[in-house]
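The same chain A turns up in both complexes below, where it pairs with chain B and then with chain C.
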Partner chain A sequence: MKEILTRMGDGERVTMSVSQVKEDLEAGTRDAADRGKIPELTAAELEQLLEIFQDQNRIVGVSPGEEVVLTHDIGTLRLMGDQANSGVGIPLSRMQGILIHERAFAADTMELGHIDYSFKPIKPVISMEMQEYELASLVTIVPLFYGAMPNLGTYFRPDGPFGNPSDLLPQGKIREAREAQEGAAEHAARDMFYISNKLYSVGCDGINFDTTAAAGDADFYATLNAVAEIKKAMPSLTVEVGMAGEFILGIHSELFFNGERLAGMYPHRQVKMAEAAGADIFGPVVNTNTSKSMPWNLARAVTFVKHTVEVSNIPIHANVGMGVGGVPVFETPPIDCVTRTSKAMVQIAKVDGL
Partner chain B sequence: MVDKKEILRRAAKSVLEADQEEAERVAREAVEAGIDPFLVINEGFSKGMAEAGELFERGELYLPHLIVASEGMVSAISILEAAMTQKKEKKTGVAVIGTIEGDIHDIGKGIVATMLRVYGFEVHDLGRDVPLKNFVETAKKVNADIIGSSALMTTTMTGQKTLEQELKKAGLRDKVKTMVGGAVVTQRWANKIGADAYAENAIEAIAKARELLG
Partner chain C sequence: MPIAHVMASGMGGIRTAGDLVARMQMARRMRLPEAKRYVAGKLGVAVVDLSNEQVMREVREDLDIGIITSVPGCAKGMEAKFRIARLLDIEINSVNRFRAKASI
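Coming up: the complex of A and B.
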């Protein structure tokens, strides 16, 4: 029987029989449906996924007319950073990085990002960022975002003024941990608004809230509140909300937005919160399981993203990169995996962008 | 007469519902009724904890709840452990355990340490964010049979590989068995770095630790 060369979730090359791939595809979609309480992929969609894996070409793609918008988060750092920073270690300026993505890689949107890539450290250097953004926007044609992570962790000790839930919770100080998160969320929302407002004043096209909810439900809460305030004050500023993980970790667990508890939300519910806050684009994340095969991971990711697209009223740009969307956890994601994931996300999940 | 099945069911439920008072009450009733403490831990409290862990992993139960649940379990186990002290025939082995440097997650590691104690191990819990040299130095000092390391992040799991190398350098690797665990760790990772065993949860950790020491 013909064998399929694919990978495990940690990037290791493996060979699987057609029936093994089929089994993993079915198990992957079942797992997503079970966890998210959403529909499984149909038999026809699973067959389509199998065909993508059976394709002998190392790189796969979509037909003319099916192309979607390709965006890059942390783009300026992707080329400069070394492998430990998910980059390729080429000494370049941020401006050169932006121009290479636009002119050589044909990116449809691009973004400027601070080297730390978290909102909080941008505050003291905001004037520099405004200047850099203005210069970059004058030489680019594609929409130029400013991207950063809400990263609520930077507001907890030792990096910030609030008690660290990682210290407080193991001591059983649940009330104190919750108060610390509420305080941090308030500060973070204020900082995100301040930075967005400053960038808006120099003509910023959009803000990309990247890796949202990395520190749990309070991180998501802070971002949603910041987005709501930003859209109220600056309606023409495009806002993209990209996620950190497939469900919102309940580190606080009692935070609500638009009447709904944020903890435990999967992508199809997260997007409704982003919509309610006024976001223009949503970037769902589905985590890759390193112990499972790529067929299992991709079927699972497509199941979540497809349903998110179906319920969403705003464009969905799925995250496809290291450890997310079905792509293995590997510093430089293998091209065979990235292109298979991209094809499946476009043709089956029907995403608007990647 | 106390119903053994009912005690086990209540033990599991008390952990799942994060009811510390009930967990302690069940432990005391089990001791008074002479029910095997190992059975109460394995078939009662641990089952509840496993279910709570599964719900947390699926996003259906949240961290504060899990913390209270694990506190209740640890508290109940300490009651059972005290009752078992006289029963212990001999030391099962010496274990050094800790969370790898840079990683502050230690709920799972803490439960493994408690369970090892329950099963007769002399446990040296180094805590969290432990420099690798501390594993090596402590293992040498206490003449450890097993070193268990936990990592919850991809950035810290590489420390488990370095630990294997450091143990070799110190001439200890042939004298101790190594075990790895943590959310991002897999059997494949254990094989890759040359660890003697991987355990997904506390129950499996105990079984494998006992197996390793024959």
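Coming up: the complex of A and C.
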């Protein structure tokens, strides 16, 4: 029987038989269903995924009319940034980077972001960001977001004023660790509101909260509270909430939003919190497992995202960058994997965007 | 990597109608099919043609809402966004700010 050339979750090329790919597709969807308590993909959808892998063209794509809207994390840093931002180190201004994305890369939307890309360090230089945004918005046509990471970690010692849960928890200081996270979340929410309000005053189209909940449930809690305040005060400012991982880590574990405990939520429950806060677009993440094959990872990611799309009332833009959504954990993601992820997310998960 | 997604499944930005469909998702939280239907209705084109470069190039040029290549005299940047806000019947924050600053 014809063999299928595919990859592992770390990008390594492997050859699998059709039956091996089928087994991994079934195992991947079963894993997502077990963890999320959600439906598995149907037999027809698994067959559709198999066809995507059986297509041995290097690049695959959707049919005319099926295309989706793309929003971008990290903004122009992928052009002028260093490897930490997956950047390629081209000496360009951010304005030039935005125009290149609009005019040369066919971007549907674009984003301005600070080189650190976390909210906290933006506060002291907010005037610079406002000026840059205002000038960029005069010359661009596509919707222009301002993107940054909530990054609650920057509020803990040694970077911030609050005790570090990573130090406190191993000492058994659970109450102190929780108090530190609550304090940090309050400061972070205040900073996110302040920065969003300043950008709104210069005509900002939208804020993209990228890698939300990277520091666990308190990070998610801070972001949701910030979003709720932002949408109350600035209803016309679009808010996109993009996640850091598939599962909300319960580092605090007793934080609630809209009456629900945030710790332990998978994407289909996370989106309901984002909706309740007033977010306009939600970006689910499903982590890629480097020890499993691309068929296993993609079937798993599509299972989570498809159910999230079904239960959502707002547009879903699935995260499909390096290491998430079925794309291998590798700095230069192979385009055979990237385009297969793109096609599967659109045709099977029915996303509103990527 | 974003280029791979653009090629595989992206709408095509201002080459086609990607920015316009994005505007409807952002302004009214429209899901993709509804956003596409809305924009197609406003432009007077079929939904499938929203990502058809051959159709959308002419539509964008006729409506003067910004095109991908640099043509002298065509609406650019803020000029195009003023026209897009009116065409799609939406508020665009940067347009509103420009209007306020210019006392229009």
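Going forward, the second predicted complex is superposed on the first by the 351 of 354 C-alpha atoms of A that agree within 3 Å, B and C clash if a C-alpha of one lies under 4 Å from a C-alpha of the other, contacts with A are read in each partner's own complex, and residues count from 1 in each chain.
Criterion: contacts are C-beta pairs under 8 Å (C-beta built on N, C-alpha and C of every residue); 3 or more make two chains touch, one makes a residue touch a chain.
This structure is a prediction, so every number in the text was calculated from the model and none was measured.
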{"item": "First (chain B), second (chain C), both or neither touched by A:264", "value": "first"}
{"item": "Which of chain B and chain C A:170 touches, first, second, both or neither", "value": "first"}
{"item": "Dominant toucher of chain A (residue count), chain B or chain C", "value": "C"}
{"item": "Partner chain in contact with A:80 - chain B first, chain C second, else both or neither", "value": "neither"}
{"item": "Contacts of A:192 with chain B and chain C, given as first, second, both or neither", "value": "neither"}
{"item": "Contacts of A:291 with chain B and chain C, given as first, second, both or neither", "value": "first"}
{"item": "Partner chain(s) touched by A:248 [first = chain B, second = chain C, both, neither]", "value": "first"}
{"item": "Chain B/chain C common contact set on chain A", "value": "none"}
{"item": "Of chain A, residues touching chain C in the complex", "value": "59-62, 64-72, 78, 86, 101-103, 105-109, 137-144, 200, 202-206, 236-238, 280-281, 313-315, 320-322, 327, 333, 335, 338-339, 342-343, 345-346, 351-354"}
{"item": "Chain A-touching residues of chain B, taken from the complex the two chains share", "value": "58-65, 67-68, 71, 104-107, 154, 184, 186-189"}
{"item": "Interfacial residue positions of chain C with respect to chain A in the complex", "value": "1-15, 18-19, 21-23, 25-27, 29-32, 35, 47-48, 50-52, 65-66, 68, 76-78, 80-81, 84, 91-98"}
{"item": "Residues of chain A defined as touching chain B within the complex", "value": "8, 10, 12, 35, 166-167, 169-170, 172, 174, 177-178, 216-217, 247-253, 263-266, 290-291, 323, 329"}
